[in-house]
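To start, I am sharing the structure in question, which I have written as structure tokens.
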Amino acid sequence: MCRFVAYIGKPIMMYDLLFKPKNSLIKQSVKASEMEEPLNGDGFGVGWYTPEANDMPGRFLSVRPAWNDRNLQYIAPKITSDCMFAHVRAATDSPVNELNCHPFHYGQYLFMHNGDIEGFQKIKREMVRHLPDNIYANIEGLTDSEHLFALFLHQLEKQRAKQLPIKIANALEDAIVEVEQIKARLKVKEPSYINACVTNGDIIVAVRYVSDLSLPASTLYYSEGAVYSCEKGICRMKKSKNNKDNAVLIVSEKLSNKRSDWHEIPVNHIVTVDKNLEVNLSVCERTLKTRASS
Amino acid sequence: MCRFVAYIGKPIMMYDLLFKPKNSLIKQSVKASEMEEPLNGDGFGVGWYTPEANDMPGRFLSVRPAWNDRNLQYIAPKITSDCMFAHVRAATDSPVNELNCHPFHYGQYLFMHNGDIEGFQKIKREMVRHLPDNIYANIEGLTDSEHLFALFLHQLEKQRAKQLPIKIANALEDAIVEVEQIKARLKVKEPSYINACVTNGDIIVAVRYVSDLSLPASTLYYSEGAVYSCEKGICRMKKSKNNKDNAVLIVSEKLSNKRSDWHEIPVNHIVTVDKNLEVNLSVCERTLKTRASS
Amino acid sequence: MCRFVAYIGKPIMMYDLLFKPKNSLIKQSVKASEMEEPLNGDGFGVGWYTPEANDMPGRFLSVRPAWNDRNLQYIAPKITSDCMFAHVRAATDSPVNELNCHPFHYGQYLFMHNGDIEGFQKIKREMVRHLPDNIYANIEGLTDSEHLFALFLHQLEKQRAKQLPIKIANALEDAIVEVEQIKARLKVKEPSYINACVTNGDIIVAVRYVSDLSLPASTLYYSEGAVYSCEKGICRMKKSKNNKDNAVLIVSEKLSNKRSDWHEIPVNHIVTVDKNLEVNLSVCERTLKTRASS
Amino acid sequence: MCRFVAYIGKPIMMYDLLFKPKNSLIKQSVKASEMEEPLNGDGFGVGWYTPEANDMPGRFLSVRPAWNDRNLQYIAPKITSDCMFAHVRAATDSPVNELNCHPFHYGQYLFMHNGDIEGFQKIKREMVRHLPDNIYANIEGLTDSEHLFALFLHQLEKQRAKQLPIKIANALEDAIVEVEQIKARLKVKEPSYINACVTNGDIIVAVRYVSDLSLPASTLYYSEGAVYSCEKGICRMKKSKNNKDNAVLIVSEKLSNKRSDWHEIPVNHIVTVDKNLEVNLSVCERTLKTRASS
């Protein structure tokens, strides 16, 4: 089911984000706390932006487990970035392969997913049928996640002013709606668990979604504060006196035990973090409508 | 453009086939003789059958170059088989990845390709449109080769008595015809170079094809004899006195300089090797018809 | 701390040994039962003999976790052997790397280890000081295990009739004695946990050793019977009526819950399995003497 | 025999150094111009400094060929550094493995080598005999290169003021002297080819050395200028009007055909580039003495 972290804010070192927290993503690769099967050892990936160089993200993917990857250990202390994605994978259906590692990339965008679109094999070809060629050609791997990313990119192309947080959020929701519509059309009854996170380097949008509200959605949290700070393995967002927040984290599971630091994103809600690091939560209205109509 | 070898006959050691010849496939991975760009260092694969265990092929794929792969060096002397495929890759369009390494596998079948369906990106989705779900789901990588294999499998399903060499040959040709029809329909003018080889463990079928006869087809040879024998790097088919042949090789390039040992497969011909190791050559009539009608 | 299995007897398929048991080695790579830290995801290796080809072992090593390795999944059903070693690694001190994967190889011999020579870094150079050049040059990795193998090979060269089980057992014990002597000389107080297993393809010798009897030795079991048989995940040695045993297993942990099938090897004992598959257990007398004299 | 490039000066993008030149290191990995065997496909490595983060170098090593490595393609455009090392490997004696990839690392230092200490297997253990434990423990791989680096580190420890270019140069030369002395003592007659390059992030020292002046030393060049600039694949050091140089390159082979841009380092000379980017060439006097006395 995978685990991920996303960071946006004042530039920090990748090492501090990935390795320092008590319950860091690296530790979650060996032994995650908030999931049934604790192991996420089927490859990993990191993506980051350095706007001073260019708009495109950097990325490092590996099929090896994150916990003992030497390249990551050498690279992480040398990357400082204001926007980072990181993901450790627990393969469900598709092989352990770099092409199946998150975050996926297209143009300025990075995308990662923790969840499972059950019945994906039955809807896979239908998902690609209407994609424009450029987006279809960008699908390199075999995961439900990357196919969802393709639907998102297609929906985004239909939006105007597609750099706005609300537009990215709409495209993400519309991609989920499209998945549910295809499933309905093909009479695929299995549920979808979709915790997904997308960025263009300036804005982060994440969703916590489950198609059947009687089922437990995967966990998803955010945290905000003045500065990301690590002391003795306790990594948290320090609060500022003047209420000015300078950093936001979105994570599959809490990086520390301090509960008050972490806000649970409610089920079937979407969260946007804009350029000013304003966090905005809203209910997934579009998917609600689909459900109502079905 | 890749290089390959296929063997069928009396069981031999994989090591003797891959490493011993003066111009072995391993040497061709570093420095092929009969192609412009001599390097085939973008991964490799071997497949083989051991009918005493079961009908399915074994396989070993790697993204590392074949010339210095230690696992291959340890495995090759321990595999004895009556039917083996081996392939070294020079990536053209798609990434160096195990999912893009040949031979591809489906059920009892192995398939490998040396060539290039130019304009593949333009016809890729059309190639998968009419595939049955099981064959579509078996596509894991991004190559033109694997997509051609999928068309072949689909054509084969349409044949009766599909274990007969002639049926496998028909399906292979029909897959090529389908490629050309799709290209014609989508007005893709680029040529196709298709040297492909398929087996079910009992029978080998290979084709040497180029869509435009004014262009140079890739080389393809076969050799037959009583026994595959290596002396001081000269590996060849020994002729038998009683005219009984016990082994056949199909290769992208000659494994030795002794020209009389190697028969060039004429352009746009298909070669079948049946259970009795009879070699049969025939012109690609089906593709001729397509060409005539276009 | 790693996990391993060794098999000798009537030829069986590698797949049946590695994948079929309820508590197979592949499952132990994800979640071992009889160790504190259940994960063995830092690479793996298999070695096997096919005497009909030659005396040398085949081997396949990988830095990827065993649980999702596709090459292993394709190779294991095609290898049938009368003597197999397999090992999943939990790295302690040295990096995840193919050169640190077990089983190690020299000439006809394969060697694997589950344990930890604590303080190894302090005695490492002393361990290699007196090795002959050929054995020193064979050390390729950084593990205590491979250095112990080198000492064993050196001790074996000093034995006459070194193909006899008793001689191999003596050499293995002498290697442990040498480790303890070096530690004593250099005043290294840390304990040694050494569960090791060596074979030449005909004979298996294993030891369960801990330097300080007040500490818990790692588990080690053997099982013998007429034939290795798997039914619904319960893999065991079937007993024969005529008391003729045809197969022996030596394993880090029991492959099934049926306790009566598994004999615990007592702490500081050595077990030999000879060509006739006779199992012989004896106390580690040589190491006892060292302990007494220190 | 490998190829390398080293850069120090005004921060530049790793991508511009590795990919943009007509005869870039990436192209040299496929087809080097100034060596007999043009292929350097047995792994690669890059190292770099970002002093704003810390003193330690970052590093990325891979066993895959550099020409098609996707991680490198994603990382290189995002790294900007004032001091970079990059190396593509052609394995001679030791296996293709990350532990055998250059640049090697210890503390602040990076080291890379293009050459061959012939007869290395005969002197290998003697080379490590007198190393302090910390330096011995840092040897992870099997190459002559890494063993030479260990001797260098040991010699450097004996120097006072070891951050001075002259001291680093002395230690590098003393390491070569030590190699020659060991070879003389053990009557190893084979020659040594040592083009080596070392840095602490502030200073680069390189040597072009061959033990027998009647043999052809490997090529080595440097280039200096105001700014590293690439136009249409022609990458060169632009000269400044005010004679202030801001960047220095040291390379195994010329990155462009413009001969006047490149200064050949004479055989058995050592070149230092100090913090002010002053380039200083001097003859290897210490090795000369050894030769004279032998």
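To keep things simple, chains are lettered A, B, C and D as they appear, and every chain counts its residues starting from 1.
Convention: contacts are C-beta pairs under 8 Å (C-beta built on N, C-alpha and C of every residue); 3 or more make two chains touch, one makes a residue touch a chain.
Bear in mind that the values here come from a model prediction, so they are computed numbers and not experimental data.
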| item | value |
| --- | --- |
| Which of A-C and A-D has more C-beta pairs touching across its chains | A-D |
| Inter-chain centre distance, subunit A versus subunit D - centres from mean C-alpha coordinates, in Å | 41 |
| Euclidean distance of C-alpha centroids - subunit A vs subunit C, Å | 43 |
| Subunit A: positions in contact with at least two other chains | 70, 95, 98 |
| Category of the chain touch graph - line, ring, star, complete, other | complete |
| List of subunit B residues in touch with subunit A within their complex | 95, 97-99, 121-122, 124-125, 128, 133, 136-137, 140, 142 |
| Parts of subunit B lying in touch with subunit C, wherever the complex brings them together | 13, 48, 50, 52-54, 56-62, 70-71, 74-75, 77-80, 98 |
| Contacting residues of subunit C [partner subunit A, same complex] | 30-31, 39, 41-42, 63-65, 67-70, 91, 95-96 |
